[in-house]
Amino acid sequence: MLRRQWLGRDWVQVFRESYAAISRFIMNALDRISDNEIKQLVDTLVNAYNDGKKVLVIGAGRSGLVGRAFAMRLMHLGFNVYVLGETIVPALHPGDVVIAISGSGRTKLVVTAAEVAKSVGATVVSLTTFPESPLGKLSDLIVQIPGRTKVSSEDDYNVRQLIGIYEPLAPLGTLFEITTMVILDSVVSELMMRLGKTEEDLKKRHANIEI
Amino acid sequence: MLRRQWLGRDWVQVFRESYAAISRFIMNALDRISDNEIKQLVDTLVNAYNDGKKVLVIGAGRSGLVGRAFAMRLMHLGFNVYVLGETIVPALHPGDVVIAISGSGRTKLVVTAAEVAKSVGATVVSLTTFPESPLGKLSDLIVQIPGRTKVSSEDDYNVRQLIGIYEPLAPLGTLFEITTMVILDSVVSELMMRLGKTEEDLKKRHANIEI
Amino acid sequence: MLRRQWLGRDWVQVFRESYAAISRFIMNALDRISDNEIKQLVDTLVNAYNDGKKVLVIGAGRSGLVGRAFAMRLMHLGFNVYVLGETIVPALHPGDVVIAISGSGRTKLVVTAAEVAKSVGATVVSLTTFPESPLGKLSDLIVQIPGRTKVSSEDDYNVRQLIGIYEPLAPLGTLFEITTMVILDSVVSELMMRLGKTEEDLKKRHANIEI
Amino acid sequence: MLRRQWLGRDWVQVFRESYAAISRFIMNALDRISDNEIKQLVDTLVNAYNDGKKVLVIGAGRSGLVGRAFAMRLMHLGFNVYVLGETIVPALHPGDVVIAISGSGRTKLVVTAAEVAKSVGATVVSLTTFPESPLGKLSDLIVQIPGRTKVSSEDDYNVRQLIGIYEPLAPLGTLFEITTMVILDSVVSELMMRLGKTEEDLKKRHANIEI
């Protein structure tokens, strides 16, 4: 059942190669992230916080899960934040912020939701690998994420060059999703600084019914 | 509103420091992960796959989201996999596998659910930083995850030594959650090899109604 | 703060009027449900069960929750059933069945998802008040549900005639949602009979980790 | 494959019998609901609204879905409302209100969560068929719901007497769940009156990104 490429490898060796490849990709990706785009994302969020605007996070599949992890931290920071698809999703108004996450920028439900958000006057910020995608084109702000996404192929060459990774070590959108998670968790630190929040402040807002 | 520690830093500099600290932590964590524990986790999952047993993923908060991201990949690999708290959760039977994720190992709902799982004869595999925690103690198998978790303090010293990170650069369970995600995505690669699956196989099982 | 219409009512009296109006609506709705449409819905589900096809339930908001309640029972009956928006959603193939629930038949995300489902060859069954809606038009089978839906107005007249209900006693899609829940739970009984299942069979598949 | 009890019935006849039995049960249940308990539930919610307190809805399985449907309406009414198990769940403080739904009053995760809620000073309101259950005993307020629940047996006799229903026409917790939904939707009408809200007010807060 083994494919040729795995022959001769010990068990767990693939685990280690994959782990090393993913973490190298994450580390190298930092140089490919635009300071300016991050600054604009942070500014947009800080303004929403100060103006009492809502933030709605949109994403499908694993990108949606990464978005939820970010939404939780925004709640810990004191934001009025919501996740599309959950029970509690309020009406959006002009000035509210939508964070849309899609590696390909073509996920239908995400594009549809972002279009509706635009039509009610919300600001759409996209995290995507493809600024020229349907999602990218309708966005007010794009944070371009390095990643080998589900549908990319031209991007594959760069990924391989960069880290020598090949597909089974990080299938489908894995690199996009993990890199986005690290980026958004680093945005949380930037927001803590900008909003003057300590870890203790976050802990106070952390759900105490889970612990 | 700025705290002393942030003085003199440019905007986005904190983002970059946080990103660098997190990715360094991920990279260094590999040496602190037990080959043997990973091998046992993979063996347990491969056996469940071959025997047609169910896998149920349990976790609260961001750990639960990381668990869901893993569950999605297990589905792409062809597992009968479920997530506690979602609509479709079947009855567990002896031989079914529960993957429980909790940095502290003390999250009440996770411990309660793991106890019930044990009582119906399921095998409980825990990913936690604290093997001596209530969750750890009731588990059949523990994969110890390096991490500075929500409730740790004795662990903090080691974390600082290791990477010079301090709390606002990765608040609460951030390091545990991201490291667990990288570990589980690397387990996916190992499983692809063990089960003879290609990325194309995964793509075929990926929800086509999202794209 | 009280509106004129409430003047002179005791506390809890509105509760009782609402309860009576809703339950009367439910009871009267039975005469407006098509035997033939129910029979076709049941046949479609029985065929999916016998052929090992997947069933995917789609709905937004409270309609989506009613859909999930039905999906749970389908799982208890032994169906391969999934809910759009949850973690575990597999690829759909020709012959798989989509159950789409939308009172107005115009909920964007539901229509988009149903379109995609059609494009991959799935059979789309809609529960809606408006057969001429975008959702209705693309469906292979429609079960028309009596209801005063979010966007209806011409329908209001009939509703008032039928039961003398007025809006605050069942705001927005309330009547649609509850009636749909009763219909689908009655479909469950029909399915139990058709598939030869007892309550004991359902109990065996009920999540034992919740109890 | 047909059981004796179904012999001689036409297709769809069971659907109709089940629908009639369920709707009769709902209608008759009104006389078994305590005005005083409803009044206290409404008062508790109105006070939470006026004092800016949070409301957290807790439930497992289909009871949890009914709870979510209620939570959505509370959001439409302007409450700060959350659902346990979703991404956005804040810390609870004294004076916050927990609505716990469990027919049997013994669902482990619900009882555990309610215990934690009590320990942080929240007010626990339970909707259950069994006031003497573990959930009932720890609650500050109980709304007793007529219902034949998953684990009941002594209750069965009353149910049969009342409406002549027998199990396959409403298996497991069906009657509890639907009756609870009708009760909570009627509470919504009472709250509209008490808080001076119109359907138009609700519509304004309804998620516009779904439509």
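So that you can tell them apart, the chains are marked A, B, C and D in the order they are listed, and the count of residues begins at 1 in each.
The rule we apply is simple: contacts are C-beta pairs under 8 Å (C-beta built on N, C-alpha and C of every residue); 3 or more make two chains touch, one makes a residue touch a chain.
Every value quoted in this text rests on a predicted model; they were computed, and no experiment measured them.
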* Pick same or different for copies chain A and chain B, depending on whether their interface residues overlap by over half. => same
* More contacts between chains, A-C or A-D -> A-D
* Whole-Å gap separating chain A and chain D, where each centre is the average of the chain's CA atoms -> 36
* How big is the gap, in whole Å, between where the Cα atoms of chain A centre and where those of chain B centre? -> 18
* Structure fact -> chain A and chain C have mean C-alpha positions lying a whole-number Å distance apart equal to 34
* Residues of chain D whose C-beta touches two or more other chains -> 65, 68, 72, 87, 108-109, 113, 116, 206-207, 210-211
* How about chain D: which of its residues touch chain B in the complex? -> 65, 85, 87, 108-109, 112-113, 116
* Asked: Touching chain C in the complex: which residues of chain B?
  -> 56, 68, 71-72, 75, 81-84, 86-92, 113, 116-117, 120, 204-211
* Structure fact -> The answer for chain D against chain C in the complex is residues 1-3, 6, 9, 11-12, 14-20, 22-24, 26-27, 30, 33, 35, 38-39, 42, 60-62, 65-66, 68-69, 72-73, 76, 104, 106-109, 150-151, 167-172, 174, 177-178, 181-183, 185-190, 192-196, 198-199, 202-203, 206-207, 210-211
